[in-house]
Amino acid sequence: MDIFINITTDDFDVGQEYQKLIDANHQDGAAVFFVGRVRADDSSKPVQRLELEHYPAMTKKALMQIAEKAGERWSVNQVRIWHRVGEIHLGEQIVFVGVSSRHRQSAFESAQFIMDYLKVEAPFWKKEYTADGEKWVEQADKDIKASQNWAVESPE
Amino acid sequence: MDIFINITTDDFDVGQEYQKLIDANHQDGAAVFFVGRVRADDSSKPVQRLELEHYPAMTKKALMQIAEKAGERWSVNQVRIWHRVGEIHLGEQIVFVGVSSRHRQSAFESAQFIMDYLKVEAPFWKKEYTADGEKWVEQADKDIKASQNWAVESPE
Amino acid sequence: MIKILFFASLREQLGVAQIEFDLASPASIDEIKSKLIEKGDVWKKAFSRPLLVAVNQEIVEQDTLVSPSSEIAFFPPVTGG
Amino acid sequence: MIKILFFASLREQLGVAQIEFDLASPASIDEIKSKLIEKGDVWKKAFSRPLLVAVNQEIVEQDTLVSPSSEIAFFPPVTGG
């Protein structure tokens, strides 16, 4: 399994990331990608931007372990993870997770698995800025549950 | 929910499809796409190309119904489906399914749901060409099971 | 008059993509199949395996009633994606 | 000497990103926490809420033993992605 991980302030190009995932790769019939972006919430004071902090010495290591766990559970051939840090504005991209695999079920499940664990194990923290000021984002209970669900489900 | 469906002999550009999914769309934090390609199998006579036949009067209608079923079950805002027909060579793209939604679970699940139903309800048929000749592809049992699983699982 | 379409391996087996068919009153898919099978051994063999059927571009069950002027299509399990 | 790092809202609460700390023999995370809490009310309050802890960049349980020369990090539940 090839794993590529990039943590950077730079934005990423989804088309290019996809191309790198499939280039010179004829054994894989399925590619699944996730892109997370800064979204406006429903409030009257929507999020204008985020400030994304991380733990530089740990971040890549944590993501690598998550990708490797996915690789032990599903036959995934390629994983690409790109996570931005620093200042990110409304509508901008935050995270890209792309996987390629022989078959679609393993591609879907491993991509979702990586995102679910990234949400609870990768050392990133978001601070939201609205017209009212700044606020650290709280971890959502459903994110904890999502990762726990993988522990009880049987593997492929 | 916006649904875009294109059935064509033309290839698609994943970067462009993604861009159309997210353009002027600030309420969605999550986008998930699937791309299926012609893959080489393990045999000594790998697939060289496919010929994809479909039922033109029905295809778009069937895909539209699948996308609408996904929209009833999950809060999905945008669905883009692109399926090629005609001659498609090893490594080339066959199908694109992209969805965007507020949250990642609904994006992942609805994209997988659409692919699982496309596999058993959309009127496409693949003929494989290898060095040994041509052969119609048989529907896989696991594809039937994958779509049946959605019937028993509780919705979001 | 109903139009009956055949796709993929079924079309190749029968050597025909489309036929027309006189139908005075509504008939079930099973009745229409029986009439097709009378056309000869090739037809009998082709219809002995599992096939899907669509009426006016919607997949239906075998006991569905079809009214004259419908478009019917028979085809093998689908393999797109 | 162990290095202790603080991130995000915890770092802001404490007003410090990193401290160093003398540790003669291995101690548990809980023991290290107790020592930190002695630094004052701000510290006591900051450590009263659920925090994650990593030793040498791996998330560990609270009863893990930490050897001198480790890098420890305390931080609130993560919110990336």
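When the chains are written out, they are named A, B, C and D in that same order, and each has its own residue count from 1.
What we mean here is this: contacts are C-beta pairs under 8 Å (C-beta built on N, C-alpha and C of every residue); 3 or more make two chains touch, one makes a residue touch a chain.
Just so you know, these numbers come straight off a predicted model, no measurement behind them.
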Joint neighbours (chain B and chain C) are none
Per the C-alpha centroid definition, the whole-Å distance linking chain A and chain D comes out as 26
CA centroids of chain C and chain D: separation to the nearest Å works out as 71
Note: chain B sits from chain A at a C-alpha centroid distance in Å of 22
The distance between the C-alpha centres of chain B and chain D, rounded to whole Å, is 48
Touching two or more other chains in chain A are residues 36, 104, 115
Where chain D touches two or more other chains simultaneously, the residues are 81
Contacting chain pairs, sorted by label, are A-B, A-D, B-C
In the complex, the residues of chain B that touch chain A are 13-16, 18-19, 22, 26-40, 90-91, 102, 104-105, 107-108, 111-112, 115, 142, 146
So, in the complex, the side of chain D touching chain A is made of residues 5, 7-9, 54, 57-59, 71, 73, 75-81
Chain B contacts chain C in the complex at 36, 52-55, 57-58, 61-62, 83, 94-95, 115, 118-127, 136-139
